Every structure is written in structure tokens, then in C-alpha cells.
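Labels run A, B, C, D, E and F following the written order; every chain starts at residue 1.
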Amino acid sequence: MVDVDQYRVKEEPYYRTVSDEVTLYEAAYAARMPVMLKGPTGCGKTRFVEYIAWKLQKPLITIACHEDMTASDLVGRFLLDATGTRWQDGPLTIAARIGAICYLDEVVEARQDTTVVIHPLTDHRRNLPLEKKGELVTAHPDFQLVISYNPGYQSLMKDLKQSTKQRFGALDFDYPAAEVEAEIVAHETGINMTVAEKLVAIAHRARNLKGHGLDEGISTRLLVYAGNLIAKNIDPKSACHMTLVRPLTDDPDMRDTLDAAVNTYF
Amino acid sequence: MVDVDQYRVKEEPYYRTVSDEVTLYEAAYAARMPVMLKGPTGCGKTRFVEYIAWKLQKPLITIACHEDMTASDLVGRFLLDATGTRWQDGPLTIAARIGAICYLDEVVEARQDTTVVIHPLTDHRRNLPLEKKGELVTAHPDFQLVISYNPGYQSLMKDLKQSTKQRFGALDFDYPAAEVEAEIVAHETGINMTVAEKLVAIAHRARNLKGHGLDEGISTRLLVYAGNLIAKNIDPKSACHMTLVRPLTDDPDMRDTLDAAVNTYF
Amino acid sequence: MVDVDQYRVKEEPYYRTVSDEVTLYEAAYAARMPVMLKGPTGCGKTRFVEYIAWKLQKPLITIACHEDMTASDLVGRFLLDATGTRWQDGPLTIAARIGAICYLDEVVEARQDTTVVIHPLTDHRRNLPLEKKGELVTAHPDFQLVISYNPGYQSLMKDLKQSTKQRFGALDFDYPAAEVEAEIVAHETGINMTVAEKLVAIAHRARNLKGHGLDEGISTRLLVYAGNLIAKNIDPKSACHMTLVRPLTDDPDMRDTLDAAVNTYF
Amino acid sequence: MVDVDQYRVKEEPYYRTVSDEVTLYEAAYAARMPVMLKGPTGCGKTRFVEYIAWKLQKPLITIACHEDMTASDLVGRFLLDATGTRWQDGPLTIAARIGAICYLDEVVEARQDTTVVIHPLTDHRRNLPLEKKGELVTAHPDFQLVISYNPGYQSLMKDLKQSTKQRFGALDFDYPAAEVEAEIVAHETGINMTVAEKLVAIAHRARNLKGHGLDEGISTRLLVYAGNLIAKNIDPKSACHMTLVRPLTDDPDMRDTLDAAVNTYF
Amino acid sequence: MVDVDQYRVKEEPYYRTVSDEVTLYEAAYAARMPVMLKGPTGCGKTRFVEYIAWKLQKPLITIACHEDMTASDLVGRFLLDATGTRWQDGPLTIAARIGAICYLDEVVEARQDTTVVIHPLTDHRRNLPLEKKGELVTAHPDFQLVISYNPGYQSLMKDLKQSTKQRFGALDFDYPAAEVEAEIVAHETGINMTVAEKLVAIAHRARNLKGHGLDEGISTRLLVYAGNLIAKNIDPKSACHMTLVRPLTDDPDMRDTLDAAVNTYF
Amino acid sequence: MVDVDQYRVKEEPYYRTVSDEVTLYEAAYAARMPVMLKGPTGCGKTRFVEYIAWKLQKPLITIACHEDMTASDLVGRFLLDATGTRWQDGPLTIAARIGAICYLDEVVEARQDTTVVIHPLTDHRRNLPLEKKGELVTAHPDFQLVISYNPGYQSLMKDLKQSTKQRFGALDFDYPAAEVEAEIVAHETGINMTVAEKLVAIAHRARNLKGHGLDEGISTRLLVYAGNLIAKNIDPKSACHMTLVRPLTDDPDMRDTLDAAVNTYF
């Protein structure tokens, strides 16, 4: 009934291995251990999960978590039908049934207590009670749960409970090494390595400002944006201003500092 | 099924280019980079988007964001029908399907976590999961997302998350230069340039008071209102009082200051 | 389908012009400029709008704003029908379609973000997106929006956003001049001018106490109430106590002060 | 369709006139002026309204206000029917249609903004817009609105807005004079005047403690309860303890003080 | 239609009279006076009401109050049916119709404003308006309302309003005298009086700690639990630890103190 | 109608008895005493309940509690059907009907007032009122309630009420003794005892840090995760870092301390 094919990653995503993360993930998957990916915005966590799903040839169901997400949004609900009510599986239930890798993106955004519904899927029980339907779904042997988590957002109000955290093995992610990052930017945008390296150098200056006026450093994604504009013949300074400076901050001093970094290289 | 024509901008909107904003936007659109427009109330951001949509000959879907906007308001929902439930696409889903420019106006008003639903549309995935329907919509190649943002409103409670900000290139907007603004006011109201220049001069005085008793300066829109009344033979002082003074503030001192500015020119 | 006649003001409302407010309003209406009426409780803002609607011979739709008012209450919603769902226009949509003057009474009571839905009706677009229905309503050429606003209630929590304020021309209202107010009271209750002038004199004393123990002065409406009781042969002191003193305050000292004012004239 | 008879007060309620409250109310009703009854718990406000409804021979609809009361609870809503939706008038709408006296009991409990819906019924318009139904109900000529209000509860959070207060004439209520109250207690319970006077004397002592350890004095209703138990041959001390002491306070010192008052008379 | 029999107490509940509470209650019931039972957790309030219902041979409807309880949960609601909507009486309405004793358990847990719906059932009116149905239910002559109330929970946020309190006569409850309590424990568990007396002695020690490290003393119910385990041949110390120590507190010092009390007797 | 078999524990769960907990539980079950299991995250409470259900050969229904859980989620609700509404028992009602052990996992997460619905099932009444359905369910003789509770989470906001606590006998759980825990880890992962003992030794070091920088120590579950990775030929240091260090904390100092503990043994 469910179209499993729509959840398959059809082409190999471009992913540059940084360390032993692929080996560790594969061992964790072999034990069907739930995995938590930690790291800053735009450093490639989502891309990594797509790469893994492609490598393991498993369907992937991604769920963007948000504060209004209810347990029903994950698990499913009854819908009205011409002949009464009809049960509709939620994405987590579909993933459990078809044996997908289920990726809960930015899980700290979800209400802490909503995350309780994933507990029985993350211990030896590996089942999901559909309480409203009175059914106990046993997870497909291929099913595995992955969550992502940005420690920088962590606050008293929004943190995972220990009883949730202790159900996951964890992998740390960070921006790639300078050379690797430049290769990624060049590959994704078509600009040459010299320009890509300049963009990465600007990013490194900005990342040092994290916690000193910037909430977050310049992500690889923004470097790709800058490269995209330069590849469309936009003047590099304008391209950097539009993609690396203005989106990050409205503070005039911080903008001057970032502009100075841009001017150093272009 | 969807009437795409209703979303087309039929006539060229009156728009005066200020700087390189059109060139930058066109390069960003060519890369389908999401764009964020920053600037104060009534300086022409909405008009700019309409002009771009007309120039690129793409349909435009505008969504006024507000705090009660749910993900379903953007994405769609099931409606009851004579034969059961029927899915109704929300405006974001329609835009993704028909390849429109989708403009989220005053996006800071939306709940931060509701904005999470736009994430997969703003990275390499370019898709939108309709979780309640179990469908994964792949965006039309022409689809692009634009958001507007008034930095003056920014507060601890209402700011975009970095993981959202870093998905957009950004353009800054401000009130037009004095001469340009006078031309706009004259063009839109039919008053002569002398009167229009006086109105702009009053606005400049008020804009200097921003942060010194006024939350926001006099917008171009209010100048057009004043011109409209003057064109209907209302005494300029009364017209200015009704459109440039009373709407902005109830503080007697600020009103005196603004009235003095009006009296200087009329 | 909609019964436009029920929204017409059939008889000329009793309205005493105070200043140039009718002329200014007519010029604003001619430009279809949205108008904001500012002033204290019970000074005649609602009566003024009814008078204008009668004078311009336009239908009038009044909406009492309150904190629980949702965008759907203004715009419309789907209702269940024997054959499925049926769309029901809300009062704002009806007004936009039939070309009514739409009066949002006490607009500061509405949730700030609900007021966002009126934005596209108050600029050059003059349209109203019915997002749930997927329809873009273009306003009838006669449609105009009026809002009322009591600056005395203004607080940090409840104020209009600048991006809303700057969409309106504004008119100030206050209690009428003593002579005019006495005429109004006499006309509405049938008491003679001598008694009416005494009531107005009491009101003037109370209005001076605003901010010095009273949140709001005695309104014209309460003077009419006092006159009504006196016309029914109630002793003036008892009538004033019931209508001018007890409703305003429970503070014993303020009550004594107000009673003293009553005793001075009766 | 509506069974008006169920809202009639069939028998004359036992009511002892205290001052000119009946005369004032009748004059207010003759002018259809909305009336506000102010006074402490259990002093006879509800009984007074029933007496007035009986005296004027008008139907009476009483609505107990509470914080969760929505505008729909007052005005009405659509219900599902075999053939679709059916509108059901709320109690306020029924009262407006049949010309009842509509009594909103403990109106400060209602959300301030819910009370906005009564505004058009309390000025010269005398109508009630059923916005969800698209109908404008004109009130029956006999319709009148009464509200009750306990000033002792008044707080920053829960007070009526001036724009609501200034729509009502007001009557003050208090516990009856000692002799009258004893007569009421004797009449309602069948105990003799000597015992009734003792109960009233105890109440007077307790009422002096209001604000000095007691939130509210002993009401006439509790005196009737005490009399009821004594009439069933319960020892007066036990009866007073059960009805005049324990319900009021759990504070041991206050209980001792009240017991001492009981022991003085029994 | 309603199965009254299911609400009858079929067998005489085991209840040991402590003082004059049965006599007072019967007199209150004869006057249909609403009654409030005050006392700590597990001291027998619920059991007392069941005993009274059995003694008076009236049906008993018990409602466990909680913060989410809405007026509809008490009064009733419309349910969808094959032929449209069908009204379903809530437990309070059923009680009013069939003449049951209606027991609102832990009434302070209910939202203060929800309790407003019981007001017309607790004064001379003795009726219950089903506002959503447009019906005014007159209570059956046998109907009476009882509420329970734990003064220890009383807080600024959760207390009954005086206008509610003053509608009830009140009875105080406490743990039974030592001898009586030992008899109860022995009777309910089958252990001998010697052991039962030891358990009661331990409870007395713990009750002295209330307010000095314990929120609440050991209830009679927990003593019965301890007796149950001892009757199943569990070592008395283990039984006491499981039922009298661990459930009450996690504080190591308090646990030591309680264990010491256990060791004194076993 | 209900498929009881799906609730049976088919195979004996691997459970190592620690103390007299099985004996005490069996005695409590024989008296149908409700039981509360207290202890830290991942120490085996859920496993214990499964073992007991298997040993007693009773069906087991587990409910993961969370803050959004309503009484209806436990008790049941009406669902729409082709022929109207149909009642669907919730998991608590099913458990009461079929005589299951009903396990409320992490009960402190539930709203305190929702827990009120379990009260009549946990005293001599042993019944469950389905108020919305007007049915009083008498529990099956085999029914018993178990709850779990992590005292470490206890806070002013989230604690069980005494009136709930005093309805349960309580058992304390903690991590197993070192030797037992190593056996468990070896048994569950297939690694040898030497490595398992090293993992347990690391856990002991981490558990001493609880309250000194760690919210919770390393659970047995995480040790099993580490063993799983080692059994898949992952280097022990990497395995420990992924499962024992990163999931617990993002604090650099705490991570160094934990890494040092890992390096001591591997």
C-alpha cells in the first residue's frame, strides 16, 4: 500500500567522509542501535544520513521536528472516510513497518514529552503501540532510528531527557577541514579551487567569532550560496555580502568585521 | 486544477530600482537560492517582490505570516467532503507544485517552529513532505522561496533561528533616496514635485526621530496617503496631520515635534 | 446571496459634527484610504461611523474585536453540510465582496497577529487571500476599512504594530464641547437644557479626575442614562448616583468626590 | 420553537425590599438601561433578579459566567444534524429573541474579551451579530441585560473594562439590616426569631473580621443553613460549627475566634 | 434509560463511626444541604460517602475531579449519531435527574471556574441549565451534592472561591483514634490486633513528622497494605519498608527516621 | 474482541534477580496491591515488569506516559463510524477488562491531574468510571496497576501527589552489582567477561559523577551498546566514546574526565 520507492535515495549523494563516522554508523546499524548526530547548523548531518541510506540501500523517512508536533503527527491518526473513520499511519509508523531509517531532524525542537513515543522503538522491545488503534506494531528488522541535535541550542527549557539520551549512540559532526570544505564548495558550484579556498578562509574568520557576537559561524551551505552567485558572474564582494554577511547578523559592528574579512580575500 | 493565472502579476508594478537589488535577485533566482528581504515597514519590499515576479514572469503566492499560523495553514489539510475527506493543498504546497515564487511576508511573526516546515524546500532536497497525506512533493524547477523580515522588530522572543537564517541569501532595503521618493509620491498621487519634495522633507525629519521617541519613521506609504488627500483639495496641514502625525504616535510632545516639522514646509 | 440590505443604515443617525472630521473622512474615503478613529470610551466613534455610512449610502459591517477572535472569524470557514463542506464567508470577506465600510471596533483587543490578515486589504493590492479556500478575493471598489482605537488602553502588551498603524490615516475624537454635549443629552432623553447642562457640568468635573483615581471620565452615554432616569421621574441625585457614580468606581473616596460634584448641581 | 414558559418565574420569590432598589430598577428597565448589581457573596443579588422578573412578568435567563465561557457559549453554534449542520441559539441570543431579562451571574469571571459580545446589545443599536451565521439579531423590545459583580474579587487581572462598565447603571447590594435578616432566616427555616437573631449576631461578628483573616463574612445563605440544622433538632453549637465556621476557614486561630462568637450566643 | 442500579451501593461498606458525623450528615441531607468533607489523604472520606449512600439507600455517583475537567465533562455533550447528534448527559446531570448523591472527589483539583456550574444546584434554585441543549433540568427531590477537600493542598492558586465555599456545610475528617484504626486494619487484612496496633503506632510516629520533612502522614490505607503483605507471610520489616516508607519519601534522612520507627516495633 | 494474546510476553525475558524484589512483588500481586517501581534511567525497571508478567502468566499492557496524555488516551473515546459513533476502549480500560498488568511507564511525566483517573482502580472500589460513556467498569480480578518513577526527575512542578503516592507499595531499583552487571552485558552482547568487567568499571566511575557535572550515570543499556559495537570489531575506545561519552554530555571537561576513565581500562 505504502509506496516504499518514494523513500529510497535514488542517486549517490555527494558526501566527503571526514573521519570514521561511516564505519561507526555501519556497526551501529548492524546492531540496530539508535544513533544521535550532534553538530552545528549546515555542517552536513542531513547529507550524511542520506548518504548512509543510499550506502545501506534502505528507505529513508525524514521528519522535521517542531514544537507543535504531536504524538499523532508521528504515529498516525483516524481520518474520516465515506464509510466512517480510517486509520492513517504517521511517518514513524510507516518507517517501523517498511524497515526504513527514520531520521528525526532537530529533535530538540520537539516537545520533550512527545519524544517519549520513540522509547519502545529504541530498546529491546522494538515495538510501537498505536494506542488509539489498539495495535502493537513490531518494527521491521531493518528499521533504525536516527536523530539530530544541535548542542548550541541546548537550554534549560529545551534539552533531551537523560532517559531519551541514553537510548542512543552518538556521533559528533563539525565543519569539514579547510581543504575538504573548499573541495566541496568547488564541486557543488563549479567555481575554481582558488576562489573556493578564499571563501573557506572567510568562513574560518567568522567561525572564530561564534560566541563573540555571532550566534553561529558561516555554514558550508552559505559558502555554496556565495559560490553559486560568483558562478553567475556576480562580483565576489557583492556575492559574499549577500550570502555570508547579511543573513548572519544585523549588528553594524559585526557586519563591518565580516566585511573586512571579505575585503581581505577579494 | 489550480488556477495558476490568478497568481500572475498582470501589469508591470511601478518600481524604482534603488541599487543592484534586481541583478542580485535574478542571479539568486537562477540558482534557486532562497532570498530574505530585510527592511523597515512600508519601504517597498512587497512591491519589489511583485515587480520581480512580473519581470521573471512567474506566478507569485504571498502569505501573510502571523503567530497563529500552523504548519497546516502552509502545507494543507484534509477537508470533509460528501464522500469522505479530501486533501486541500495549502499555499506553500501550491507554490511548490506550480513553480511559483512563494513570498512569506513578515516571517518573524510566524512561530519559529512552524518555519521548520520550509527547511527541506530550502536546501538541496527541494521537497516538501505532506506528512498527514503520506506524500513527498518535489518542488517544481521554477519554485523559489522569498521571506521578508523587519530587523527593527527583532527581539529575544521573536527572531529566526540560525538554522533557518543560514538557508537564505539576504538583501537590505531602506526608504528610497529623497529625489526618488518624491518622484514615487508624485507619480502615485498626481501632486506636483514641489509638494512631494516637501512631504519627503517632513518624512526625513521624522525618520531621524526613530529610536528617539518614535518606534518607526514615516513610511513612503504614508507620504502617498498625504499626497492623496492634498490631491482631493484637503489643506496640506490637515492632510499631514491626519496621515503623518496621528497614526504614528499619541505622545503629545512627539506630536508637537512632528507638527512643527509640518509647519516648516506648509 | 448575501442580504446587503441588512447592512444598510436605514435612518439618519443623530450626529453632531464637531470639527472637520466629516470632510476629512469623505476625502479619505474618496481615496479609499483606511481610517483609524482614536478616542475615549463612549465619545461617539461608533455613532460617527454609522453617520458616515448613512451619508455615503454604503452598507456598514461592524465587528467587535476581542482577544479570542481568530483569522477565521474574520475571513470565513468551512461548515459541514448535507453534501460535505460548504464555505461560509466571514464578515470581513462579505464586506470586501459587497463593497461595505467594514468597521473593526476596539481593534487593540484583537490579537496583534490576527490583524495581519487585513494588511493586503489596506495597501495597493486591495485583496484578501482566503488561504483555506484557495481563493484570492479582490475587494469591491466601494470597500473601505475603518478601525477604532482607545489610546488610553495602550500598553506594552496591547498596541498595534507600526506595520499596521502605517496603513491608516487617523482622526482624533473626544467628548463634544459642553454646549453640544448638553444638546445631545437633551435631544436623546427629553429632559430640558438646564438639567442637561448640569449633567454635563458634573461630567466635566469627573473627567478632570481621569488619571487621578479614575481610569476613564464619565462618557456621554452615561449622561444619557442619567437623563433617562430623570425623565422617568427618578430623583436627580439617585439617578446620578446610579448612572454616574457607582458604575465608575468602588473606591469610597472617589465615590465621595463624585457625590460632592452631584450635590453641587442638584 | 423555544419554550418561553420554562424561563418564567412561576411563584413570587420571597424578597424583602431593603431600600429604593426596586423603584430604580423599574425605571431603568422602562428605559431598557442595562443594570449592574454589585455586592458580596450570598447577599441576595440572584434572588433580587428573580423577584424583579416575577414582578415585571418577563422571562428570565440566567447564565453562570466562568473563565472558559466562549462567545459561542453565549451566542450559539452550529451543531451537526442528520442533514448537515443546524444552528443552535445560545442563551444570550434566545434572551434577545424572546425579550427575556438576561442575567450574567459573576460576570468578572468571564474573560474580559468575551464580554465584548454584549456591547452592541447595550447601546442604541440593541442588536447581536451572529457572525458565524451571518445574521444580525435585533433585540426584542422587552429584552434587558443585568450583570452581577462582586467588588471584593476585583483584581488587576479580573476587572471589567471601562468600555464595558460605562454601559450599565449600577445598584449596590449588601447584607440586609439585622432585623430584616433575622426575619429572612426565621421565615426560610421555621426557627423562632430569638434563635434567628442570635445567628445574625454571630454573622455580624464574623463580618467585622472580613479583611482581618477572613476573605468574606458569613452570608445570609449560611445563616439559613444553620437554621435548617437547628430546625432538624441539631444542637445549635454543632449546627453553627458545621455551617458558619468550618466552611469559611481552616485557620485554627480564626476557627477559635468564630467558635468563641458562637459560644457567646449559644 | 439510565441504569440506576449500577449506582447503588449493594453491600454495607465497613465504616467505623468516629463522632457525630453520621447524625450531622443525615440532618444536612434532610435539608438537602450540600456538604463538604475536609481531611487528609486516605482517612476515609470516600468510604464515609459510600456508607451514607448505603444507609440512606440512595444511588451514588462519584466524580474524580481533575484540572482538565470541563463543564461538559460534568454536564454532558452532544455526540454524533447515525442520524445526527445525540445529547449525552454527564454524570452531574444524571445524578440530578435520578436523585443520586453526587460526590465530587478532590474538588480543589477542578478549575475554579468549572465549579461555577454547580452553583444553581446548591442554592434555592436546585436546577442545572444545560446551556448547549437549551434545557433547564430541575433536580430530583433526592439529589444532593457532596464534595471533598484536602486543606493541606490549599494554595494561592488552588482554593475554592468564597462564593463556592459558602454553599456548603462542612464536616472535618481525620485519621481514626488508635484503637479504632487498629481494629480497621485487623478487620481488613486478617492480621491479629497486636500486629495491627504496632502498625498504627508506627503511623502515629510518622504523622508527627507531617510538616517536618513529610508532606503527609501515613494513611490508614497504607497500614492496610502493610497488613496485607504480613498476612501473605512477608517479613514485617520488609512489608513496612515497601508500604510505609518507600512510597512516602525519597529523602535518605526521612527514610532512616521512618525505618527506625519500624525497627522499634518489629 | 480484544486480542489478549498480543499482550502476552511469549518468551522468558532475561532478568537477573537482585534482591527480594520478585518475592515482594508476588505478595503484592496476590493482594492486588498497586506497585510503584523507583529507580534511575535504564536500570531494568521495564525489563522487571516484563519478567513478572511472564512469571505470573498475565497479559501486560505498557503505556508510556507523557505530558500531553489526556484521560481519554488512557480510558477511551468515541470514534466516528459508518453508523455513527463507536466507543474505543483506551489501554487502561482494556487492561481492567482483560485482567492485565497495566504498566504506566515514567508516570511523573503525565499531568498530575490526569493520574486522578487511576484512583478508583487503586482502592477498594477497583472500578473505572467511563464518564463519557456512562459505564462503570469493574476491574477483572487479575488486573493490577504498576507505575515507574525516577526520583531524580522529581521537582516542584513534577511530583506525584501524596493522594496518588499513598495508593502504591514501592520497590527501589538501582544498577545491578558489578559482577551481575558484567554478566548481563556479556550475555546480551557476546563479548567476554574481561571486557564486560572493564565496561562496568567505567560505568562505576561515571556514576560517581552524578550530581557533580552529570545529570545521570551511565546506564546498563549504554554498556550493552558499547559491547555491541565491540562485538562488531569496533575499537573499544571508539565504541566507548560513541556510546558512553558523547550521548551523556557536551561539556568538554566532563568529556575529558569520561575519556580518561575509558583510557584507564582500554
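Just so it is clear, a contact is a pair of C-beta atoms (placed from the backbone, for glycine too) under 8 Å apart; a residue touches a chain by one contact, two chains touch by 3 or more.
Please read all numbers here as calculations on a predicted model, not as lab measurements.
For the pair chain C and chain E, chains touching both partners: D. Note on connectivity: the fewest chain-to-chain touch steps from chain E to chain F number 1. Of all residue numbers used at the contact between chain B and chain C, under half are used by both chains, marking a mostly different-residue interface. After Cα superposition, the angle needed to carry chain A onto chain B is 60 degrees, rounded to a multiple of 5. Separating the CA-averaged centres of chain A and chain C is a span of 52 Å. The distance from the centre of chain C to the centre of chain F, with each centre set as the mean of the Cα atoms, comes to 60 Å. Centre-to-centre, using mean CA coordinates, chain D is 30 Å away from chain E.
Among all residues of chain B, those that touch two or more other chains are 80, 83. If you sketch which chains touch which, the chains form one closed loop in which each chain touches exactly two neighbours. Begin at chain A, move on to chain F, and keep following the contacts round; the order you get is A, F, E, D, C, B.
Within the complex formed with chain B, the residues of chain C that make contact are 20, 23-24, 27-28, 30-31, 33, 36, 38, 70-71, 78, 80, 83-85, 111-114, 116-117, 119-120, 123-125, 129, 131-132, 134, 136, 151, 154, 161-163, 165-172. By the touch criterion stated above, chain D contacts chain E in their complex at residues 2, 6-7, 41-42, 46-47, 62-68, 73, 77, 79-83, 86, 88-91, 94, 105-106, 109, 150, 153, 215-216, 218-219, 221-222, 225, 228-229, 231-234, 238, 242-243, 246-248, 250.
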